[in-house]
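Both complexes below contain chain A, partnered by chain B and then by chain C.
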Partner chain A sequence: MRQQLVQIFVVLIVVAAILLGLELGVRAGYLKAYEFPPASRIAEGFVELATVGFPTGVTIWSHILITVERILKGYTAAILLAVPFGLLIGAVPVLDKMTAPLIVFFRSVATLSLLPLVIVWFGAGELTKVILIGYGCFWVMLSNVVASVKYVDPVLIRAARSFKANGWALYREVVLPAALPRMFAGARIALGVGFMVIVGAEMIGTIQGLGALIMEARSFYRSEITVIGMLVIGILGFAISTGLATLEHMLLPWGRSLDRVQR
Partner chain B sequence: MTRGERAADIGWGLAGIALVLGLWELATRAGAIDPSIFPGPITAVRMAAGRLPASVFLDNMGWSLFRVTVGFALGAVTGTIVGFAAGWYRGFGYVARPLIELLRPIPPLAWIPLAIIWFGLGEPSKLFMVFLGAFFPVVTAAYHGITHIDPALIRASRSFGLKGVAMLFHVGIPASAPDLATGIRVGWGLSFGVLVAAELIAADRGLGFMIMNERNSGGSVSVIIVGILLIGLLNLVSDAAIAAFIQRRIGRWHGA
Partner chain C sequence: MKRVEASTTPAGTTGLNADRDSGGRMAMIDIRRVEKRFSARDGTETTVLHDINLSIAPNEFVCIVGRSGCGKTTLLNILAGLDKASGGEVRIAGERVEGPGQGQGVVFQQHALFPWLTALENVAFGARSLPIGKPEKIERARELLQLVGLEASAGQYPREMSGGMQQRVAIARALALDPEILLMDEPFGALDELTRIEMQQELLRIWDARKKTVVFITHSISEALMLADRVVLLAPHPGRVARDIHVDLERPRSRTDRGFNVLYEQIWGGLST
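For the complex of A and B:
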């Protein structure tokens, strides 16, 4: 308790000192406001973003909505595809052996390196961004679903067998519940990947969305808006991952031991 | 796993790869996909080799590798030092930890505009991006490792008279090596992805630039496809090398 108080106290002082330092440094002319936007500028920029919008007419709220919408589309498609394929591959050892090197390779391909190819195929529109997010999320989710089924504790399966459970009953009552925590963890990691990919994908060929916002702001020498965009992206990502973790604990209380292992 | 089983696994894996390549090639030959926008593997390699000399591929690959290696080394070393220091020295931890936690949720790619503002369009901005990709996973892993050491180890070493820096180097760092190793591998993958993205968006050489430039100048899809496969292979091979190195160095006392 005392440690937490000290920690909070230190955070407040450090952050205040940094903000004050930037503010004074810029006012006194030691730092360029363009390179190190001070807090006062950032606050003004936020008001502008929330009311007038940047570029004019596109407020921060619509940037957020568009980014979230793109992520959700690609992410949902990826999860819906990855779960059935992953369950199948995980359940059939030969299929698992055949696909293992492919999955590793497709995961190794940096998602954004597909950008030029996908633009050639589908143009620089919405679909391209959704496909890129889908690609990034899909392989992460797939490998986690496969692993979740493959690494179910054999003791559990043997125990269930000795209770005469087999076939579909065994799968539904033992394998799936045991696999769910890892699948959920995969879904959480995949969402993080989608979040990384979208920022890069939005930097090309659009003026809407948070990635586009921070890049556009730079070309117009509005670095304070870039910083606001970064903060919003960070807060959004933090909120989503914390929300999912909470949901996970509520829905799958038996998965906590796994959580400890992974962190 | 016996040697025979492992050979069988590799055989199945190769069969899977051959199957995908074969289907891809067949689909273009049979006209199921249009070879002008999605050439088969044989055509793609032949066309790419005809369009750009091998030296161009090697040159761009060299630049990408140079950037990712230097940026990663800087990020991993800084991350290790900061993470260990924040976990070992309470005062420093109070200051460093919240700052890291505040910045960590921002995806590395979101730093691209600021990297350009601070460092211009040259090499330093790319190195900074790769640095960020490595720094956050490594610093988190190093901090986690050093703050989760088995207390029995600490008590035992204390009863042998170890203190302070000596204990950090003889007990703290070796005991947190497995965590650090995980962070390093995650960081390498992230650095690699971040570099490719940074090269696509703002660079004048490197593999990411090569494929984006090919599409912007209306060049050949084959070069783009070969470039993407090269990026994937490079990441795969380098990650395997790092994994093998880690296994050899710390696998000895951790078996993981």
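For the complex of A and C:
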């Protein structure tokens, strides 16, 4: 708890220092306001976004809602697909050998480079955005689930075998629980990928969503709004990631959280 | 210390005579001409164990001592049925070892407890293959935790326990099937000196209470001399039995005893040549 407070405090100080620096820089005439928007402009922009909206009629709240909805749809679909496939591949060495190069290949293809093709296939609507987010999350999650099963501490498996656990029972009673922490870590990394992809995924065919907000602001030279979009994405990512960590500590009370207690 | 010899002799076991030692009693563990070879990727073969022959009597406490890489752990894994010998065979009470759970309980180098289970659940896992209900398994686990002096920590997770406590739970778990044999792979190697001495006394107490045949791997000569009836020295490249030394010292033993130091020198000499 104390550690978390310290973390938040450090983040706040860094952000405050940057904002103060910009404000002073612009007021003193060293920086141009449209290149480095000062805090006062950002605050004004935020009020405008919260009330009138940008573009007019679309408030920051609906941008956030739309973005979160898209990320969660793509992310959830990716997790739901990656977990069973990963568990299977990780448990069957032949499958792992066959799929390993494919997984590395598909994971390495930058998600946004697929944009033109996905638009051709699925149009420029909602589905395309969700698919792009899902694609990015899926491969990261998949490779983590495979690794979580593959790299279970062999001494645990030997211990279980010494008590005559084997086959499905060994997998269910030992491999699965031992793999959970790494699967949770993978889920958090995948979420990060989802947030990275969102701006690109919302570049086309929409005026709603934080990515669209950022692109729209760019074409009107409203850099303070770009910054707001950026900040909101950062805060959202932080909040959801913290939520996942809390969930992990609740579901796996024997895991890392206890390390901290020990120290 | 005089101990009662096992009087049970499985009838109809083949090769019965061969299983008896010179005293005419049945060996608990009989290791015959055991070989272990590993082939590397480039096709070369390494012999890890060569022609290992050992006969271990019921309730005997045997320590296997050797340098790193002499195949101690491999030998223990073969005894445990977790690894297969490339040649030769191991018999437990006359039965050829085909896999785990033929009367071997294993304590591993790192405690190897399941981090997601509490101490009690870990011990109960040890009893998983018994044909009894869950409440009985829990009851059994509770008794074993009591035996190792940890009944108060039943609900703790391994990470919340000290190294010594973790190894106690691991010993309790290994006893869950009431095995004839306890196989221990450097179980106290990671503990600090004081905890280590405590655990040695604890193990002797449990051995006395439960009458097990113990095969204990260590590379500490004094640990071997504190514990064992017999110390087997393994020499490396390939792993083979170099010396087989009987320890005729009264228990409880003392590290400052003259006999202790004579044997210490003897083993040290055996290891350095």
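In this section, the second predicted complex is superposed on the first by the 223 of 263 C-alpha atoms of A that agree within 3 Å, B and C clash if a C-alpha of one lies under 4 Å from a C-alpha of the other, contacts with A are read in each partner's own complex, and residues count from 1 in each chain.
Keep this in mind: a contact is a pair of C-beta atoms (placed from the backbone, for glycine too) under 8 Å apart; a residue touches a chain by one contact, two chains touch by 3 or more.
Note that the structure is predicted; figures quoted are calculated from it, not measured.
Participant: Give one of first, second, both or neither to describe whether A:177 is in contact with chain B, with chain C, with both, or with none.
Facilitator: After superposing on A, A:177 lies in contact with chain C but is clear of chain B.
Participant: Between chain C and chain B, which one touches more residues of chain A when both complexes sit on the common chain A?
Facilitator: Counted on chain A, the partner with more touching residues turns out to be B.
Participant: One more residue to check, A:23. First (chain B), second (chain C), both or neither?
Facilitator: Touch partners of A:23: none, neither chain B nor chain C.
Participant: Given the touch rule stated above, what does A:159 touch, chain B (first), chain C (second), both, or neither?
Facilitator: Touch status of A:159: second partner only.
Participant: Would you check which partner chain A:215 touches, where first means chain B only, second means chain C only, and both and neither mean what they say?
Facilitator: Touch status of A:215: first partner only.
Participant: Now for A:120: first (chain B), second (chain C), both, or neither, which partner does it touch?
Facilitator: first
Participant: If we count contacts the way the header does, which residues on chain C are in touch with chain A in the complex?
Facilitator: Per the touch definition, chain C meets chain A at residues 77, 80-82, 99-101, 104-106, 108-110, 112-117, 125-126, 128-129, 157-160, 173-174, 176-177.
Participant: Show which residues of chain A lie in contact with chain B when the two form their complex.
Facilitator: Touching chain B: residues 6-7, 10-11, 14-15, 34-35, 94, 97-102, 104-106, 108-117, 119-121, 195-196, 199-200, 203-204, 210-211, 214-215, 217-218, 223, 226-227, 229-231, 233-235, 237-238, 241, 263 of chain A.
Participant: Write out the stretch or stretches of chain B touching chain A in their complex.
Facilitator: 8-9, 12-17, 19-20, 37-38, 94-95, 97-99, 102-103, 105-114, 116-118, 144, 189, 192-193, 196-197, 200-201, 207-208, 211-212, 214-215, 221, 224-225, 227-229, 231-233, 235-236, 239
Participant: Sort out for me which residues of chain A touch chain C in the complex.
Facilitator: 155-156, 158-165, 173-174, 177-178, 180, 252-255, 258-259, 261-262
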